[in-house]
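Since the structure comes first, as structure tokens, the remarks are kept for the end.
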Amino acid sequence: MDKPLVIAGRSFQSRLLLGTGKFSSSEAMKRAIEASGSEVVTVALRRVELENPQDSILSAIDTSRYLLLPNTSGARDALEAVRLARLARAAGCEPWVKLEVTPDPHYLLPDPVETLKAAEILIKEGFIVLPYINADPILAKRLEDLGAATVMPLGSPIGSNRGIRTRDSIAIIIEKANVPVVVDAGLGAPSHAAEAMEMGADAVLVNTAIAVAGDPEAMAKAFRKGVEAGREAYLAGLGSTRATAEASSPLTGFLR
Amino acid sequence: MDKPLVIAGRSFQSRLLLGTGKFSSSEAMKRAIEASGSEVVTVALRRVELENPQDSILSAIDTSRYLLLPNTSGARDALEAVRLARLARAAGCEPWVKLEVTPDPHYLLPDPVETLKAAEILIKEGFIVLPYINADPILAKRLEDLGAATVMPLGSPIGSNRGIRTRDSIAIIIEKANVPVVVDAGLGAPSHAAEAMEMGADAVLVNTAIAVAGDPEAMAKAFRKGVEAGREAYLAGLGSTRATAEASSPLTGFLR
Amino acid sequence: MDKPLVIAGRSFQSRLLLGTGKFSSSEAMKRAIEASGSEVVTVALRRVELENPQDSILSAIDTSRYLLLPNTSGARDALEAVRLARLARAAGCEPWVKLEVTPDPHYLLPDPVETLKAAEILIKEGFIVLPYINADPILAKRLEDLGAATVMPLGSPIGSNRGIRTRDSIAIIIEKANVPVVVDAGLGAPSHAAEAMEMGADAVLVNTAIAVAGDPEAMAKAFRKGVEAGREAYLAGLGSTRATAEASSPLTGFLR
Amino acid sequence: MDKPLVIAGRSFQSRLLLGTGKFSSSEAMKRAIEASGSEVVTVALRRVELENPQDSILSAIDTSRYLLLPNTSGARDALEAVRLARLARAAGCEPWVKLEVTPDPHYLLPDPVETLKAAEILIKEGFIVLPYINADPILAKRLEDLGAATVMPLGSPIGSNRGIRTRDSIAIIIEKANVPVVVDAGLGAPSHAAEAMEMGADAVLVNTAIAVAGDPEAMAKAFRKGVEAGREAYLAGLGSTRATAEASSPLTGFLR
């Protein structure tokens, strides 16, 4: 039996975190969340009306079943990110925040300096901070040292569906980290999610690939299986790769 | 609901075919077969004693539940392959054969000419022939035209765990084929199997990666999920890849 | 000093073979051939009027400086290819032929069976045969055994500019071959040509990437340098790759 | 004719920068520098005795022909790097510095925060700063905004010979940069260097692959050609890649 994923002392059975952007309706989103088996659902603070109980996104998420993880998507510097996080807490959200600081609107890549700065402030204020970062092993270590609850390196740009294009760096981050590594951004297919888990990542976050799929509910289920497949294979002990072939049907019965 | 995989008129719910080489014991093999959900299990004819009901491999496979698919592993030319197939039928096996002709013992790569020759003979004799081939789209088409029941292009050399290193060619084979395409050889992790299915392959065959895993039963279960994840994602409609990012948290609520 | 490339007993200093399709004019083609340093220029037999000394392509190539290598481009089966080769010899060409048999007009992939058949006939008739093939190590070996002067595996489909997408298979072909290995098709940039040479290929053939470049003459020169760079690096002894870093500036002066 | 590479107002014909670590002797190093055509040679400040005119490395480099670019290799934080740079200037070096801050000895990856901090100090003190960085487009932009003379993103870890494993990120850095982009670290073969130049990089820096080659002088020459090939191809206009084939020998003579 696998042990649970533990983030900041809280345990989760599912290793698939879900984003809520880009769904065509709150109904489609609800069905996808359900099918994904996810226990952590992230919501862009700039998109929701925190004070409005009728907000279409918030009211669609049953917070007794899912951890609502506010994110600072759209923040262009540390101050904007900090302000968004504080607003969420003031409105009654739990003090968890997925920290995103992306000055460039074209590739939405994270800013290492502003992310560190915001993380430092928010951690001091008692937030549980999950920072979205470039696949930079030294930056990941610094954030861990500051007290980040996880590190969330990108596989490829948000919404690009390109998969894990930063494989070498993510492998080093995983090797060195003492907090959970959650591969975020760019995972466009269950095989990408499985690959991350086979490498030893602790979890993945998926949004676009599910939200814009032909059938988001079916895609959510597919990603759930992909994540489980990769995790189980990691635990079962994957073989190493070889340059040459090795007969899978040797002539001498069972191996002894 | 997915439609079943149909090979030569026979329907299968599972799209994961299993090889039986390299397991450490018949007990380990049995548990892995069970966990895989597979309905087609391939056995090297040179390894089994067809006339011996106590043969450790054959007696471990419940042929009322699994299609026993004899393979000609070890055959170095067409005649050896044909002879092995005929022996199997004479001993009471069903007339199905996974055709492997591999003159080179180092990389175990298939011989296109001898494979074609053997396929032609065996199809004329009424066999259901599933040929193992290089990822060669023209060869695949020729085998289909001869009456092969499937084509089974390799992802990478047998037992190498390198995954799909012939992606462009397999994509063309899938595009052109009118018989099921089963990606065979080299699939070393569930992510590789999922990738094949996401590309539109009809099934995959796995052996080494499961047989030599630390825990073969758990790995079989992981591959089962990987295959299902890839298939379901294919059916649910995967998004296309983009060079730039696209915000998964746009500022304007749900897409309209 | 490098030894020359020897094909069928004939020596060449250049390891870059050039195709002549797709140029915008015979003038552009002539300048590109000159700049490439190539000594072997291949011409599609179906495009030229062999009997016509004013043919725009033939008259642009100085056959005292370049080996004119007729190719059977456009042939869809062995018989068409054989007929084209015979016509070329009858018209006074040297008995060299680049054998291309491509039944499918969409990807122009070579047919292994018809290529073998045509090679066998042409070799018996005294032709020097250079077959274009899929990156299939067993097929390459069979052609070598028949007496082919080289093998010419594809990197990716003709004109696709995708580079070497068949790397594992080409590495095996190079390891096993006793005739020159010429990587043909799909090389879209000098880095692709260099990569082939670094792997130990004996030569490369390039056409589209030069012919359709913004400046074909400059591109021909660039490919020439790419081929030389890769060849010289191969001879100079490339280092192996490592997963971790190794300081290039260790603290202890020169290595001892 | 290509325009020269201009860094901080100084022009260079060569786009290949050379590192001096790991050579087996100063004689081998001198010959390799000569063969490379390089005009910028980087030296680890911790390895040389700046005050000693007999220092084996410094005395081997003719500073009337080459720009001696001191680097801070081995510095683990900003202060160490700043101290090394100041020492070099105090000893009479020109105020150029290749800034390397690598806290982790295993992968020698650059620290984004300490690199920024050191860059800021050194630029204020009048140094020409060329920072070695992870392939992080936002960090690159910040360094440019601070006044860095170039940005030098890594292809893969130093000395790993793995080539460009950060391709997507480097493409974005090139797209956005207004200072020269020099791809540094991990380039193990001329094809890697050519690839960087084809992508539009302004220059590359190579050390290990040349220094530890079987024949460093020949390898330096090969890299020189690789860099030139890639640059010239970039200027000549590379074609785009296609999924399908396109006949390089169409049946209708020259394109019109």
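For clarity, chains are labelled A, B, C and D in written order, and residue numbers in each chain start from 1.
The working rule: a contact is a pair of C-beta atoms (placed from the backbone, for glycine too) under 8 Å apart; a residue touches a chain by one contact, two chains touch by 3 or more.
Computed from a predicted structure; not experimentally measured.
Of all chains, D has its CA centroid at the greatest distance from the CA centroid of subunit B. Subunit B and subunit C touch with mostly matching residues; of the residue numbers seen at this interface, over half occur in both copies.
Subunit B and subunit C, compared by their mean Cα positions, are separated by 34 Å.
Chain centres here are Cα averages; for subunit A and subunit B they lie 33 Å apart.
In subunit A, the positions touching at least two other chains are 107, 109, 157, 162. Put simply, subunit B touches subunit A in their complex at residues 19-26, 29, 44, 46-47, 56-57, 71, 73-74, 105-109, 157-162, 188-192, 194-195, 198, 207-209, 211-216, 218-219, 221-226, 228-230, 232-233, 235-256. Residue ranges of subunit D in contact with subunit A, taken from their complex: 103-104, 107, 109-113, 116, 134, 136-139, 141-142, 156-157, 162, 165-169, 172, 176.
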